[in-house]
Structure formats: structure tokens, C-alpha cells
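Presented sequentially are two complexes of chain A, the first with chain B as partner and the second with chain C.
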Partner chain A sequence: MRKLVKHAGRMVIVLLLGGFLGATLVRIAPGYGVDEEELDSRLSQESLQALRQSQVHDRNLASFYLRYWAQLLHGNFGFSVALHEPVRQLLAERFPETLKSIGMGLAIGWMFGLGLATTAVMARSSVIDVGASLLATILLCIPAAVLALLFVIAQAPGRLVIGLVVFPKIFHYARNLLVRSVALPHVLTARAKGLGGLRVFVWHVLPVAAPQLFALAGVSVCIAFAAAIPVEVLCDLPGIGQLAWKAALSRDLELLVNLTMIVTLITLLANSAAELVAQPMRAGEV
Partner chain B sequence: MRRRLILSFLLIALLVNAAAVRAQAGNQLRFCLGSEPKTFDPLLVADDASETVRYLTGGVLMRLNRRSQQLEPELATSWRVTQKGNAITFMLRENVRFSDGTSFSAEDVAYTMQRLMDPALHSPTGDSFRSSDGKVLTQVAGKNRITITFSAPIVGLDKLFDQVAIVSARSPQKERAVLGPYYLAENKAGSYLLLKRNSNYWKHDAAGRQLPYIDSVRLDIQQNRDIEMLRLTRGEIDFINSLNGEYFDKLAARAPQMAFDAGVSLDSEEMWFNLVPTAPLPDYKKAWFASTNFRRAISASIHRDDLARVVFRGHARPAVSWISPANQFWFNQRLRPHAFDRNVALQALGQDGFRLQNGVLRDRGGHAVEFSVITNAGNKDRERMATMIQQDLGGIGIRLNVVTLDFPSLIERITRSFNYEACLLGLVNDDLDPNAQMNVWLSSAENHQWNPSQKAPATAWEAEIDGLMRAQAASLDVKKRKQAIDRVQQIVWEQEPFIYLVNKDALSAISAGLHNAHPVVLRPQVYWNIDQLTLGTEVARNR
Partner chain C sequence: MKAFRVTAILFLVVVSATCLLADFVAPASYAQQFRDVPNADCSSQHLLGTDDLGRDRFSRLLYGTRVSLLLAPAAALLSSLLAALIGGSAGFVGGWLESCVMAATDLFLSLPWLFLLISVRALLPLNVAPFTSVVITFGMLGLLGWAGAARVICADARTLCGSDVVLLARASGSSGFRLLWRHVLPNLKPILYAQFWISIPVFILAEANLGILGLGVAEPLPSWGSLLRELESFSAFNAHPRQFVPLILLITTVSCFHLALQKEEL
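For the complex of A and B:
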């Protein structure tokens, strides 16, 4: 219980700081509060001044952030000036799309990454090991945006790209972890005693590797979220990633602060969950 | 037997008609918008995307035919501008209804004009009508007649109504009730807009069939031009309104029937130096930029033909003036593009004490001539132009640094911080009448880019431009206005506060399945006759 409270407290502090830093970065970014309409030669001096005035409503960052939190506590996420809709509505519309993409990407990445790593290590097959390592290395070298573009050209489902981004990281980490685990004395003894491969893996390798695999699970959620931005933008998937891109381009302060907080929250939740699950296991090991 | 034959014929005719109707019912026009519309209020439109929605949904009193460039009656059957040029009387079409069924009358026009001209609204369209302070008076004489009186004469008054979409004074849907061919049915912010056919649209074709022919229009928000092009070639969208030379040539090589070059457009690409006295630049650089000889030398050392040939693949012309040759009446035919001549450039520089030493140009004080030009990132044409200008200026010993910035950052620099040396940008021009550019040419204007918001004209030639622009705005004599505008073009050509580079062609791409499309130079190039467009049955079937 104390651990949970500690985690929750840490999360709130990081969330507050993350949101404030996000708002600060947007606010001091060049071009904040500037609209290309200002170059419209039809506008009179008065209209131009009025347009400029309308852009500077959040001049004081601290007051903006306090106001933001006050309205957030009342369930109001603010209004997107770029997309002309309440942020809450935008998030509600787009979140399922991103969850679907990330869910599929994580499932694919873990299935192939862990599956190939386990097969390569447990079957001691150099062909699978070299082949999968080569594939993972190639995928690691290709930026997510390039993969997304290739999928657009090939008219393939863009969601798969997130899986291909997650896969090499899972594979490399899991493979190295499993190689280390199978070399442990108790695993060698179990093998020497003639235990079957599956039994050795389930009873002797997996319990040792599990805490670190859980930690990897937390990190993989962050990787998938980061990949969602270029993938959704290029593959035209109307999710949170695409929203973040549009918000950044238009310096949409309220939307960006909300998105920063959401990404921070998800990252913290994923990592905390992994840590909370892994910790008792590590304690058990000791 | 005969009766049976007639019945069979009628049955076949019915089936064919039903099939045709079904094909029509399923048809949806699709194209991309480069950004999210900033407003759906037709009176507040300022950006391209909102303008597209306004064009497709808004009903106007008269429409400028983009092909003939003549005004045609729409909701107004006739109109008359008074001799003073400050009032206009419209006779309105009868039995017209908004998309929600509310009837249209002169009250709606009066309401629209009062709202449009409300100074608190800050409408760009309304500002076009604002030649002086004072209220607009609307006098409704019956259901179908209205006189609108302005406080001062307005040049080209009738043409300005092409931009005024009439809004309902009584509809509970407010500006969502429209008189145009489509109405906004769905808006998925940041993703797409769906416009559906307005069943109350007043227009019918010669056969009496209600227009438009296409049932719905889907506008996908797509910023990436590569993907837009890819979607066109796959048949996912029906046209691209504006293409660059590179894409145009690629498309022309693969599917020449899809690529259309309507000729030189009204848009220009130009470069200017920062002449703001308070700009955070060293004094010696300010002195270079303020010198007419320096600006002329830069202009003479830029090979405009190469820019047109290489960057725009031949789909552009060296620019002469702030008015494009496409604007035949207002363009000053006596002017010619500045020729590429390095000797002329070096001579002009020599007059100001510049000298070329070991391939490096130095000013009187020994400073090597080096400056940076900012342009907007992501615009391939401008980035390439900047690179070519960099090479051209290298030929006279000038080192040019190219800096690409995202658009908001660039605007901040040219309008607020003035922390830049030179800028390369394009001017998008929708209006044939040069009066629309008053806020660029008056030295007191905020959009007088090289040195905005001057309290008094900084130079004699700017004072002369101020006088000429004000004189033409106050005159209804077209000949006198033409003389004044010609002289302004002459001054700008001589002084080069803007170094005009090229006028681009209006390039567009249209799928074979879209019929009745006749791309033109004026915006919107492809769908200006939206209510006449039809989709082939194959396209309709696939959607």
C-alpha cells in the first residue's frame, strides 16, 4: 500500500512538472501566437490588431497553467484553437484509434520479438538466430516515418508499422536476456538432468527473465506511443499521434499540454505497473 | 404487339434511368484540403481551406465566372451601381430557400451586410468594402429589392460581392443554413469534412434537372503533398487543385490526360530585404539593403529564366511586377523582366563603393557581403529557388545563407521581431483589381513588408506610391486608375523593394473520371463550376 501511494505521489509530481515544462516549451517556441492570416492584405489595421490581440490571451504562462489546472479539476480540458473543438471531444474521438494502433503494434512486436528470441535461444538454432537478428537490425535502422511511407506506397495497413518498430527492440533485449538466463548454473543443471526444453523455459528461464521483461513491457508502451506520431501522420490515421502533430504545427497550447500530460501519464502508468509487478518477483529471487 | 413493344421500351427506359439515378446517388467527389478550415462562418473566412468550404456551400448574389472573368447573376437577377460608386441596388431571385428550408429575402442580404460591415467582427471580406469610416446603410424595398449604400465610393464594388456568402437572418442554424450547392453535413476535426447536396439549391440545368450533379463532396485534410499525389494516382481522390512543377511533370509523363497547365497565374514569388530602421541588424547591412543600387544589383544577378526552367520545370515565367501578366488589363505591358547580367550588377554595386576582391564582394568599409534569406520550410520550390539564388549571387562574390523556418516562426520574424535580413516568399493573389493590395503598398500599412507601419513615408518613391494608390482608390475613372497603377508598377520595377522572381503557372491534376472540369487560372482552379461537375459511373461505383 505504501508503495502504491509512493508511486502515485511520484506520478502526480512528474505529471505536474511534465505539463508545465510542455506548456513552457510551447509558449517560448518561435511563432507562438502568430497566425498566417496576418499576411492577408485585405485586413484593415484594426482587424490586424484585433487578430494579434486574439492570439496573445495566454501571455502569462503561470496564470495559464493555474487556470488550466483549475478547469481540468472541473473536467474541462480546454479548447483547441487549431481544430476549433473542445479538447475533451477531440481526445474522445481519437483515443480509441490510437489505442487500437498501439495495441496491435504491441501485440505484433511482442509476439514476434519474444517468440523469435525464445525460439532462437531455446532451439539453439543459429539460422533462426542470425535471420531474426538481421531482420531486427534492419528494422532498427529504418526510421518509423520511412517505414510508414513504405506502407503507404504499398497500400498496407499502417498500424503494422508500430509492430515493426516495437519488434526489434523486444527481440534484441529479450534475446540477450534469455541467452544470459539459459547460461545460469541452475538452468544448465536442469538441462543436464534431462528436463524438456519447454519445462526448462517455463520453470527455470522465464522466472529469472520475467522482472526485466516486465520492465521492457513498460518501455515498449512508450516506444509504441512515440512511433504512433509519424505513423498516424503519414498513414492518415486519425489518432492521438496525428493530433499531436497538428497541435505542434499550430502551436495549440491547450491541446499540446493535454497531450503531453496524457503521454506522460501513460508512460508513468506503464512503467509503474511494470515495476510493481516485477518488484515482488525480484524480491522472491533474493 | 405494338402495346407490348411500347411497354417494353418504357420498362427499359425506366431501368436505364433508375440505374443512372442509382449511379448518381452513390457518387461522391473527393479531394484534399491542405489544412483544417479555421472557420465555417462565411463572413470570417480568411484561409484557403475555409474559402473552399465557403465556395462550395455559400450562395452569393453574383459570381465572377472564373473562365470568362465576367460577373454572372446568382441570387441577384440584376444589379446597378450608382454613378458615385458608393451604392448598389440588387433585384433578388424569388422562391429561393436556404438548405434548412428557411426562405431567402432581401432581409437576409441586409442582415449579411450589416453583420459583415460590423467593425467588431473584423471580417477580411468586410474590410475589402471599407474604403472609409462610416456605416453601411441597407434599404429593403420589398421582398426582392435592396439598396446597399456605403459611406464612400468603392472601386470595383460589384465584383466584391463574389466573396459575400449570404447568411440567413432567421434560421436557427445561423450560418450553417446555406444557399450554395452543398451544406456541411459532417466535420471530423483534423480528418475530413463531408458536404452533402443542398436539396433546396435554386439552380437547374437546361433540362430542368436540379444542380449539382454530384451528391456529396468529401474533403480530406491532408498536409503531405506526396501522399495527396499518391492518392490521386490510386483514384482515391478526384483532383488536386494546385500542383508544383515537379509533380506536374511526373504526372504528365505517366498520365498526360490528367495534367493541366492553365497558363500563368496571378501568384508571384518574390524576395525582399529588411528595410526596417529598428531591425536588429548591423548598420552597414542596413545601408546595403537601403541602397537602390544594391537591390538592383541583386536583381540583375538572379537568373530568372533558370529559376523558371529548373525549379518550375518551365511552368513559370520571369516576373516583372506585382501584377501578373495573367491580369491583362492591369499589367503594365511596357515593363520587361530584369535581365540577368552580372556586369550590370557589378556596375551598380561599384557606384555604391562595393568592390570584388579575390572572388569576395566587399563594401566601402571592407565588410564581406554576406546575408541570409529566410523562407518557409517544406516548400520545395522555394528551397530550390533559394539554392539557385545562392549560386547566382556567388557569381558576384556574395555569400548567401539559406535559412528555412516553419511558417509561424517566419511570420513572427517578418511581422514582429524583424530579425531577418532577406525573405523569399510568394504572394497569393485572388483579386484581379489591384486595389485589393492597398495594404501592401501604403507605407503606413502593416503588410508593407519591407518596412511596415511607417509614420511618414521613409523615401520619396514610397510617398509617390502612397499618393498614387490613394488616388486610384478614390477614382471611379478606370483610365485614370490604370495610369496610376502603371506608374506604381514602374516605380516598383525601378526601386525593387520587392524583387519579383517568377509568376507560376496554374497547374492542376484531374482524374479521368471527373467530367466537365475546365481548369482555369483563378481560384478555385478546378472546381469553380462545382455544380456542373459530374463523376463517371466507374468512379461512382467504386465509392
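For the complex of A and C:
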């Protein structure tokens, strides 16, 4: 319980810091406080003055931060200038698509990454090890955007790209971790006593590697979210990655900053959950 | 393995040297248009043909590689220096400074890399001059990429502060900045070098991703990101394998960095 409170407290501090930075980013952006209507040549000087006056309350930095936080606390994420829709509505429309892509990507990445790492280490086959390492290294050297483009050219489902981006990181980390775990004295003793490969893996290798694998699970969520941007943009999947890109191109900072905050919250939650599960394992409480 | 490593380093040296000499090796400027021959096939005049605007692909590849290969290390140097400064100070001072730095690194590491990059890129003017866009893109990578390295350096600096070397230096009367400068930072050099080399391929790939999304280096200046953007117009009907040359060079170069790094990582 104490750990849970500590994690929650840390997360709130990080989010507050993130919110403050986000608000500062919006505030210092070159286009902040400039209304598109000001470009209308039919407007008189008086009208322009009136328009500028309407922005005055936000030009005060303190009131700007207060308004920003009051809005956030009331669940109001602002209004997208570029897409002419409330940010909340845009998120509700696009989040399921991204969750689907990321869920599928993580499942594929983990299945192949952990599966191949386990097979390579437990089967002690250099062919599998070298083959899988080569594949993972090649995938690690290809930008996610290029993979997405290649999938578009091949008319393959774009969602798989997230899996291919996650896979090499999982494979390399899991392989190195399992190699170290397999070399531990108690595992060697178990093998020497004639225990079967599966039994050695489940009872002796996995419990040692599990805490770090859980920590990796949290990190992989962050990797998958980052990969979602190029994948959704190039494969035309209407998720929040595509939304972030559109917001960046049209300089819709309110949308972009809120989007980044929400993604940060999700990755923080994933990391904290992974850490909470891993910590007692490390301490040998489970 | 050693042979692979040597080959990788040799390849990187040859590619870097060729790109540095792009002004002499390239048959044309990266922006020069041969308007009579847009989308030309490979020939003795245009080794990789020309693009939609009639620009020599080979020249653009050389200049693009130069931009990516010169500025990614510059960005890596910037991020490593920031990491040394922030992480080293935090680990050395400890207490509230270390907690603040750890919270900041938590925040940076929780933010998906590309979300952060495009957010900051969106703050900057989109109609900047090509050279400014290069500086902005790589400067941004350098300024935002310090968190992971700072965490490692902070942990290392903390361990170092409890080591015999530092205890002896303290006992000899060394303290404060002198202790940090003379005893802690020199011992952090190996980890700093490793972080520097690890960052280069990461920044090359990040620039490529940004470039393909149209948020990287501005035209007409080429970079690997902008060159790879041409793949968007690829179709099975007018397929030209030469369009994949920048991709093959990028993959080979980044693979060579990984191969060359393996000893460092171990």
C-alpha cells in the first residue's frame, strides 16, 4: 500500500511538471494569442483592437496557468483550432483505433521477441540464435516510418509494423537477460541433476528474469506509442498518432500538448504498474 | 566477430570520407535541376538517375548522407554533454537535486520520443531556411535526448562518490567543483563515450522518421529522412530499384554503428 501511494505521488508530481511544461510550451509558441480572424483585411482597426483585447486575459502568465489547470481539472482538454472539434471528442473518436494498433503490436512484438529469445537460449541452437539476432538487428536499423512505407507498398496490414518495431527491443533484452539467468549456479545445478528443459525454464530461469521482463513491459508501451505516429500517418489509420501529426503540421498546440500529456499519463501508468509487479518479485515477496 | 567489427568501422570511415568530399565527388549540386531529364534512368551522367524535379540522385545521396552523418554525432555530443552535466552533478550532489533530476528524467523517458519531437518541432516556424531547419532538427534531438544517458551517468556518479578514489581525494582536502572536475568526471569518461556512440544511430533513425513525416530538414537540402520520403511515390508500375539506395545505405550504416558498438556495450 505504501509503495502504491509512493508511486501515485511520484506520478502526480511528474504529471504536474509535465502539465507545467506543456502550458509553457503553448504560452511561448510564436503563434500564441494570434487569432486567424486578424488576417481578415475587411476588419477595421477598432475590430482588430477589440479582438486583441479579448485575448488580454490570457496574456497574463499567472492567469494563463490558472485557466489551463482549471480546464484540465474539469476534464476540459480545450478546442482543436485545426480540426474545429473539442479535443476530448477527438480523443474519444481516435483512441480506440490506437489502442487496437498498440495492443496488436505489443502482442506480436512480445510473442515473437520473447518466444525467439527463449527458443534461442533454451534450445542452445546457434542457428536460431544467429538468425533471430540478425533479424532483430536489421529491424532495429530500419526507421518505423520506412517499415510503414514498405508495408503500404506491399499492401500489408500496417498495424503489424508496431509489432516489428517492438520485437527487436524485446528480443535483444530478453535474450541477454535469459543468457545471464541460464548461467546462474542454481540453474546449472538443476540441469546437472537432469531436470527437463521446460521445467528448468519455468521453475528456475523465469522467476529470476521475470522482474526485469515486467519492467521491460512498461517500457515497451512507450516504444509502441512512439511507433504509432509514423504507422498511423503513413498507413492512414485514424488514431491519435495521426492526430498528433496533423496537430503538429497545423501547429495546433493545445491539441498536441494535451495529447502528449495523455500519452505520458498512459506510459507512466504502464511503467508504474510494471514496477509495482516487479518490485515484490525482486524482493522475493512473491 | 572482430573481422565484422573492423569491416563495419572501415565502411563507416569510407562513407564518412566520401560524404565529406561531396563537393568534389558529386557530379552536381544537390539543388541543381536538369529540367530536360526529370525521372531519368541511371546513366553515366546520373549514376542513380534523377528525381521528379530533375535533380541528380547520386549527388543528393552524398549531400544527404553528409548532413545525417555529420550532424547526428554533433547532436549526440550535445546530448552526452548535457547528460554529463545534469547527471554528473545530480549524482555528485545527491539529495533534492538528484530527486529533481530523476523526476525530470522520468518525465522525459515516459514521453514517447516522437510525440515530444513533433511537439517541439510544431513550436518552431515551418517556413525556416533549409540550413536553419537542419540546425533545429539536430539541435532538438541533442537537447531532448539527454535523459536516458543522464540516468546512467547519475547512477555511476553516485557509485563513484562512495568509491575509494573519491574518499581518498576528499581526505586529501579536495572538495566541491575541484573534486567533481578532477576525480569524478574523468572516471565517467568511458560511460560517456559509450552513451555518445549509442546515441548516434538513434539520432540518425529519429531524423529519418521526422524527415519522412515532413517535419525534418527542409527542401531543397537533402537528408536521409527527406530522401526516404521519395518512397511514398513508389508504385509497382514504375518501380525503380534505385529508389531503395538511400534505404540500403541507411540500414547498412546504422548496422555498422551497431556492429562497431558491440564491444562498447559488452
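One rule holds in what follows: the second predicted complex is superposed on the first by the 242 of 286 C-alpha atoms of A that agree within 3 Å, B and C clash if a C-alpha of one lies under 4 Å from a C-alpha of the other, contacts with A are read in each partner's own complex, and residues count from 1 in each chain.
We adopt the following convention: contacts are C-beta pairs under 8 Å (C-beta built on N, C-alpha and C of every residue); 3 or more make two chains touch, one makes a residue touch a chain.
What you see is a predicted model, and the numbers here were worked out from it, not measured in a lab.
*Asks:* Just to be sure I read the superposition right, which of the two partners does A:45 touch: chain B = first, chain C = second, or both, or neither?
*Replies:* Only chain B; A:45 stays clear of chain C.
*Asks:* With the two complexes superposed on chain A, say which partner A:246 touches: chain B (first), chain C (second), both, or neither.
*Replies:* Touch partner of A:246: chain B, not chain C.
*Asks:* Of the partners chain B and chain C, which touch A:263 in the superposed model: first, second, both, neither?
*Replies:* second
*Asks:* So, A:114: does it touch chain B (first), chain C (second), both, or neither?
*Replies:* It touches nothing on chain B or chain C.
*Asks:* What is the contact status of A:153 with respect to chain B (first) and chain C (second): first, second, both, or neither?
*Replies:* A:153 sits against chain B and chain C alike.
*Asks:* Who does A:82 touch here: chain B (first), chain C (second), both, or neither?
*Replies:* In the superposition, A:82 touches chain B alone.
*Asks:* Check whether A:200 is in contact with chain B, with chain C, with both or with neither, and answer first, second, both or neither.
*Replies:* neither
*Asks:* Taking the superposition on A as described, I'd like to know which of chain B and chain C A:145 touches: first, second, both or neither.
*Replies:* It touches chain C, and chain B stays clear.
*Asks:* Should A:90 be classified as contacting the first partner (chain B), the second (chain C), both, or neither?
*Replies:* First partner only.
*Asks:* Indicate the residue numbers of chain A shared between its chain B interface and its chain C interface, in ascending order.
*Replies:* Shared contact residues on chain A (touching chain B in one complex, chain C in the other): 30, 149, 153, 233-234, 249, 251.
*Asks:* Tell me, which parts of chain B touch chain A in their complex?
*Replies:* Result: residues 36, 38-39, 46-47, 119, 122-125, 127-128, 130, 188-191, 220, 222-224, 226-227, 230, 234, 405-413, 415-416, 436-440, 445-447 of chain B touch chain A.
*Asks:* Using the touch definition up top, name the residues of chain C that touch chain A in the complex.
*Replies:* It is residues 103-104, 106-107, 109-116, 118-126, 201, 205, 208-209, 212-215, 228, 231-232, 234-236, 247, 250-251, 254-255, 258 of chain C that touch chain A.
*Asks:* Taking the touch rule as given, give the residues of chain A at its contact with chain B in the complex, in rising order.
*Replies:* Touching chain B from chain A are residues 30-32, 34-48, 50-51, 80, 82-85, 90, 93, 149, 152-153, 155, 233-234, 236, 238, 242-243, 246, 249-251.
*Asks:* Which residues of chain A touch chain C once you look at their complex with the stated criterion?
*Replies:* Those in contact with chain C are residues 10, 13-14, 17-18, 21, 25, 28-30, 137-138, 140-146, 149-150, 153, 222-223, 225-227, 229-230, 233-234, 244-245, 247-249, 251-253, 256-257, 259-260, 263-264, 267-268, 271.
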